[in-house]
Amino acid sequence: MNEEILSKLLTSFQSGDLSLEEVMGKLKILPYEDLNYVKIDHHRAIRQGFPEVVFCQGKTIEQVREIMKHLSRHNRNILATRAIPAMYEAVKSIIPDAHYNELAKLIYVQREDIDIDQERFILVMTAGTSDIPVAEEAAITAEIMGNKVERVYDVGVAGIHRLFSQQHIIEKANVLIVAAGMEGALASVVGGLVAKPIIAVPTSVGYGANFNGLSALLCMLNSCAAGISVVNIDNGFGAGRLASMINHMR
Amino acid sequence: MNEEILSKLLTSFQSGDLSLEEVMGKLKILPYEDLNYVKIDHHRAIRQGFPEVVFCQGKTIEQVREIMKHLSRHNRNILATRAIPAMYEAVKSIIPDAHYNELAKLIYVQREDIDIDQERFILVMTAGTSDIPVAEEAAITAEIMGNKVERVYDVGVAGIHRLFSQQHIIEKANVLIVAAGMEGALASVVGGLVAKPIIAVPTSVGYGANFNGLSALLCMLNSCAAGISVVNIDNGFGAGRLASMINHMR
Amino acid sequence: MNEEILSKLLTSFQSGDLSLEEVMGKLKILPYEDLNYVKIDHHRAIRQGFPEVVFCQGKTIEQVREIMKHLSRHNRNILATRAIPAMYEAVKSIIPDAHYNELAKLIYVQREDIDIDQERFILVMTAGTSDIPVAEEAAITAEIMGNKVERVYDVGVAGIHRLFSQQHIIEKANVLIVAAGMEGALASVVGGLVAKPIIAVPTSVGYGANFNGLSALLCMLNSCAAGISVVNIDNGFGAGRLASMINHMR
Amino acid sequence: MNEEILSKLLTSFQSGDLSLEEVMGKLKILPYEDLNYVKIDHHRAIRQGFPEVVFCQGKTIEQVREIMKHLSRHNRNILATRAIPAMYEAVKSIIPDAHYNELAKLIYVQREDIDIDQERFILVMTAGTSDIPVAEEAAITAEIMGNKVERVYDVGVAGIHRLFSQQHIIEKANVLIVAAGMEGALASVVGGLVAKPIIAVPTSVGYGANFNGLSALLCMLNSCAAGISVVNIDNGFGAGRLASMINHMR
Amino acid sequence: MNEEILSKLLTSFQSGDLSLEEVMGKLKILPYEDLNYVKIDHHRAIRQGFPEVVFCQGKTIEQVREIMKHLSRHNRNILATRAIPAMYEAVKSIIPDAHYNELAKLIYVQREDIDIDQERFILVMTAGTSDIPVAEEAAITAEIMGNKVERVYDVGVAGIHRLFSQQHIIEKANVLIVAAGMEGALASVVGGLVAKPIIAVPTSVGYGANFNGLSALLCMLNSCAAGISVVNIDNGFGAGRLASMINHMR
Amino acid sequence: MNEEILSKLLTSFQSGDLSLEEVMGKLKILPYEDLNYVKIDHHRAIRQGFPEVVFCQGKTIEQVREIMKHLSRHNRNILATRAIPAMYEAVKSIIPDAHYNELAKLIYVQREDIDIDQERFILVMTAGTSDIPVAEEAAITAEIMGNKVERVYDVGVAGIHRLFSQQHIIEKANVLIVAAGMEGALASVVGGLVAKPIIAVPTSVGYGANFNGLSALLCMLNSCAAGISVVNIDNGFGAGRLASMINHMR
Amino acid sequence: MNEEILSKLLTSFQSGDLSLEEVMGKLKILPYEDLNYVKIDHHRAIRQGFPEVVFCQGKTIEQVREIMKHLSRHNRNILATRAIPAMYEAVKSIIPDAHYNELAKLIYVQREDIDIDQERFILVMTAGTSDIPVAEEAAITAEIMGNKVERVYDVGVAGIHRLFSQQHIIEKANVLIVAAGMEGALASVVGGLVAKPIIAVPTSVGYGANFNGLSALLCMLNSCAAGISVVNIDNGFGAGRLASMINHMR
Amino acid sequence: MNEEILSKLLTSFQSGDLSLEEVMGKLKILPYEDLNYVKIDHHRAIRQGFPEVVFCQGKTIEQVREIMKHLSRHNRNILATRAIPAMYEAVKSIIPDAHYNELAKLIYVQREDIDIDQERFILVMTAGTSDIPVAEEAAITAEIMGNKVERVYDVGVAGIHRLFSQQHIIEKANVLIVAAGMEGALASVVGGLVAKPIIAVPTSVGYGANFNGLSALLCMLNSCAAGISVVNIDNGFGAGRLASMINHMR
């Protein structure tokens, strides 16, 4: 963030030229850092509770490294999604405390501990083993954003007793994320069991008439269970981000 | 069926000019009645175990009445699907023992009792109330073709305890038909509970991203439960016909 | 709900044969009322915080009236969606305190006041005037379920100053519902302004390449703003129900 | 399967605390082995007549090897589908009696002979040469599950005399599997010839407006022949599994 | 056609200023009659062998009447497709020798007999009774354009012996038109029987996953039989027109 | 528009507290009239050169009348699209100088003459007669917004000499609008003839595989001619509005 | 072909036990060579005028080589489509007189000269340079089957004067093949110029909303020009085969 | 261009045999250079203001080099799009003054300076960093064709303050190009801010339900902002070409 602007703003505030409300208002609308090919939204941490997250897919390795470098200067915790190992290598060389989760394709830096409410956890579920990478993207995202996360994997509806044996943990969850490909029916079944918000993540797992996730997407959108909403196919990050938002409400 | 042809065939058989196998072969390939706009396949009863069934949609009332008249002459049990009430009126005027089920849109004549095996029943299930017309098309079709049928309706996965309270009857069924619209998840859940053939019928019940049954169709095709196969959207008749075929196997 | 079962359960509980946890467990899984064509899930009020809601589309007027009659006996507040006026007439004749909102196509009975937290409101927004029926379905659903609701209508992105003039109310909302057809871009823009959960409802408003809501649906699913999830096209009820669920969390 | 649970169950059964029915009921609902990333459903052999089958696509080589290792301990016959050669190598190193069919991409272990009824065979047909891998997945699946299988390949409708020259074997089949890509018309023609259940498998064979199997899928779903139902595109395993189920009915 | 232009052209031709080739060239490119909302292409009879055909769908009754009036002045044989009865009434009032075929929705005037080659006939086939309106549009179009037409209706592949009993006429046809809805497989089977051009007309007959003719369209486009090409869904006229073109080649 | 705000702004401007630039800036962002169900954007005339245009489809007759009443107070020229006759009746009763074009479904009020540059005209073309309603929506929109418009209708590519006979007017046009359904090829051909901007409007005219305008839409988007861009299916208004914008550039 | 069968047939014919008609009938229905994975239809040369053509895509190199070997024994001219160079190498090693056209991906053997009518030629046209591989597949197919072929490439409608400069050759063609991707408009324009059958081949050339050839396919199916029919996307062989069939009619 | 033709034309013009108008007319319709596989439209510079642009995708390296060589002889400024580096190498070897922009995949030669109006600029905007390659294709195309271009990248609607901080430059632009993937909402928001023509370029950036650009395409087509039209997915060149055309109008 442009520090001149910030200091001016705050000086004006101190001198009484600007009220607290006015300063907050300006902070919420104004600044970002312009790298030409990207405009980094540094104060998103203020406006949205977490800094801008880098979506690496479609960016060059260099772009990812540069954006991370700038984010790293102004933020203590940062996150990049859909990162390939080579991107992590590039980031690691300039941000030594960066971590990488290969399964979830996440690069993250966590310099500041966030207080985690151990009573309220987000439950991340998958229908099958192949849905786990998407689920982990969601789970780790939520953890980095300061949430306790529990995992229940491979409980698809074709062997529904596996699901019911987990009913105790399902019922205690505060928010649920359900990642499923193929017919995506798990979200509906879970939706009938609990009265908590469920974020359904269709995955592209499957073949043939799954049409790269379309079947699960349509299934989840048409769920007749209450409390279900849907994010984009394979969008584990979006699910984790939203779950964190809901889990922090009080 | 053209009776001259039949008598010739049988005389040749009696005289030994044709073997039994040859007669059966000819009977399976040869005759139909030509009404110009329709070729009635009278000996389908021999070849397939039930006379040709009339699909009324897209036909005129007159065509339906004429086809039924000709079928009625050569068959004791006949069936017409997707019939509107006016078609039934027309048929009733010439075939007084014709019956009509308005919900299932079926016209049927049942002059001959078929022995029904009371031990093996077909279970017809629906996810919701709105799926019942399709389910009834399946159920009555199967009944007319000589099967015991049980019905379990409105047991969609959003309130899964309703489904499990029916588990005793589900486990005893010999063949199952599952009609469901919206997300169509019922078929998968049932498929995980039993090891019997399940015929899934996607229905066009729903709205929005259900796209006239596409969501349920794709969901059912992608089911990871074993033993599930799928018929066309709203095709209750096809499901009933196939279930009857399987139920009669031994 | 079958009262014998209930009384048995409670007697067992009183006598100490069943713990509180056990009774609650059974209540959550067990009972419903079987009208043959529908299985009414009476204890959903316990399991999910509100009785089963009747989806009228695809049901006959008689079915709606009967289901409402049975629900009305066991619940103080009830709700039916997608109801045409003739359905309301039928319901009204047996439930005199039933109300109807024609725009939102909702029938509802509200015999019990629910405490409403005046500090936390759900904001319902639309991009255009034609999206209002869907928005009202969401808004009234949320109100009946005990939420304060504010409305900001016709603030589509093509005249974005209309949206920004409402920024004060947008920023104060606890949960947001955004109903939009055509390009559905409003959800993304609002998603960039606030850090609260946004439930996006694509509507079928539009023509041509809108393909009955597909354009808004895809747009919303692909939103790069954080905190957005999507329900089915025109599913105002689902959005209202989920918003209520989130708004009651603490 | 957790053996403590099993032994407890069986002891209770022996002592008369549990009836046979109760034990069977528990066995059908309860146990599985939890490898964290996968929940192996060991008693599926009891519930469904064959152990859980491993769908390898989307799993890592290590996951496949581990799952197979655990399945191998508790089952005599096991099956994995969509396995690449490297997966087989990994499995072979720990399960020396594992076999591999590269065309069908199946890994299987067959330590126990299953009685095969030589009178009732499943007929697997293809329209073209390129459909054979899918057909073999179906055929070998059915064989491993204890069925006699006959094959009739490359009898597509564009040279229909090739089909009719096989009529003798077609008529004797108990269940039929028809794999076809492109226009998928073979299922309809065969459906008109016999009164036996036909499982149609659309394949992704073709190009252009075949849209990866969509043309054959739609063709088969719309078949006006009786007795046809459809599984997912290229789902040879599902077809073989269902055919086995039907073939074992009596 | 603008007569001044024509007379000038012809005078120039008579005087030798234009060669025959030049006149024909100009006639093929130049003139039409401009009614403002429609430009009638009168000399299409010269360029294409038959006058412009009026596609009535989407036009007002008045527009149809006016266009037919102008066409009628300059042509002896004229044709209008997709005409509703009210259009025919309007046309009849000004062109008393106009005829109407309600099934095929064709208005036609036939003042000039066209020599018909009795040896070369076009065969029009349908899979079912409901495809007949499309087939009749094709058949009558071909007849009006001077072709002998034979009809073989209701010979769909689900009862293939009905098709084979017609093999004598199929083999003698010079060009074939195959109209079929649902799975559209008839074209492929016929394509395997003969070595003559087959024009496949997918019809919108069917329901569910037929998606208004898409299933038959894709099936026909993917046919692996030789000699098949496809026209638009329900485009009987186009098929008849093209068949006539091919049938007149020598 | 809220007049207090306006007067304050202008007083501040007069007194020098606000510069001209500042006033214009505020006027461009700030005001609209809030009818609750609609927010009328009165100063759009300033920001965009023409007042807000009312899209009537999906609005009630009353809503249309009320919006028009308020627009009519503050603007001299107004326009409403997709209006049915009953809407016009309602508007006419309160705005006597309102006009209606039934073909184009436009209501308009034109109290102020706009200077029209007679040298630069917009050419509106259609491929067929049935495309004219869409074309007229475009043409009248452009005329109301102050443009000279020429029309060339029914010049589809299947009789391309009709198109070339209009080449003189095509070459003189400053901007072109091409409305076409079915295969939509006219835009590409015209695009190859001129070096002026072409706005292609796919129409829903056609049947079968036209899929309600999809064929023309895709065709136009894929045009390899230079200078073509596309608006929504049947969006004559959008084309006319954009053409006017371009035609006024200098 | 099984030679025993053939000799028996011919002996019976010689002895008068079978009439010529009977022999021809049997030859048309009966024999093929069974390689297990493929049934080679040797007498297709009799039934359809050219031996079975091998579609190599989806077959292994070995399968192609074996099929070609067997075809080569019984036929003088043979053709294989969609062959990669490695397939040609394998074929060449056993059939030294095999030729390969890499652009068109065709392997062919031409041992017998076919009389070619020099007066009647097939014209193969493309809209762009990238459509040429598909066009060559069509052209060479037609040449091998005994037709004179002319080529006019890169005459897309965006520079329509290039097309008109070829009008002399277009008008003289007996049958036309038009290969075009992107908007596929060339077929319609050519269809308006001539009264000869046009076989339109949509190609997958293009990007974005071309959706792998869908845009050209829909455009061509919706053509309002007379005499156009369509084959599958990129199906140059099918077009060439059909054109040959039509070109040989007299 | 064939120079003989040109010299004849001009001699005739000089001698008065042809008027200026006639010469211009002929030049606009007549000549191109025929390389067999491509017909180079040399005088497009006259007809359309810029020479033919080479679309390299789908062409071989040799074809690109040859076409560029011929274009280079007759034109001072030339452009090739979608060129891979190897194509540039080949071109560079024969046209040493050729340049390459790897990001935009453009090869260009610029031997002649074009007067650029510094007052009227085209603004190219992107929603994200990944949209920049498409944007650069548009921007450089416009620059080569003689336009001043400004760039504003990474201003997607999810952080709308980044967009508004650029409002000064947005308001001064003469024509705008907006490239956006995912939900593509940027075009609508910008369209509400300015009254200048906006060319929207959907990009294929995104994943899942973005379906390779379909979501952005539909979003943009359905925009309710005025002045927006759409080109093909990823078609930066088309947008730049059209923007240049509009920017040069006066």
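Observations, loosely collected:
By written order: A, B, C, D, E, F, G and H. Residues from 1 in each chain.
The definition used in the following text is that a residue touches a chain if its C-beta (ideal position, glycine included) is under 8 Å from a C-beta of that chain, and two chains touch if they have at least 3 such contacts.
These numbers were taken from a predicted model, which means no experiment stands behind them.
Between chain B and chain F, the least number of touch steps comes to 2.
Chains that count as touching both chain B and chain H, per the definition above, are A, C. Just one of A-D, F-H or F-G has an interface built like that of B-D, with over half of its contact pairs in common by residue number: F-H. On a Cα centroid basis, the chain most remote from chain E in this structure is A.
Counting the residue numbers that touch the partner chain, chain A and chain D have less than half of them in common.
The chain with its Cα centroid farthest from the Cα centroid of chain H is B. Between the Cα centres of chain D and chain E there is a gap of 49 Å. In terms of their C-alpha centroids, the spacing between chain D and chain F amounts to 60 Å.
Centre-to-centre separation between chain E and chain G, using Cα means, comes to 26 Å. Note: centroid distance chain B to chain E, computed from Cα atoms, is 38 Å.
Among all residues of chain D, those that touch two or more other chains are 55, 128, 159, 208-210, 214, 217, 221-222, 224, 226, 232-233. Per the contact rule defined earlier, chains pair up in contact as A-B, A-C, A-D, A-H, B-C, B-D, B-E, C-F, C-H, D-E, D-G, E-F, E-G, F-G, F-H, G-H. Across the interface of their complex, chain C is touched by residues 47-49, 53, 55, 174, 194-197, 199, 217, 221-222, 224, 226-233, 238-239, 241-242, 245-246, 249-250 of chain A. If you check the complex, the residues on chain D that touch chain E are 127-128, 156-160, 182-185, 188-189, 191-193, 206, 208-211, 214-216, 218-226.
Residue ranges on chain B touching chain C, taken from their complex, read 128-130, 132, 153-155, 159, 161-162, 164-165, 205, 207-210.
Chain contact summary for the complex, chain E toward chain F: residues 28-30, 32, 36-39, 41, 44, 52, 55, 57-59, 63, 202, 204, 212-214, 217, 232-235.
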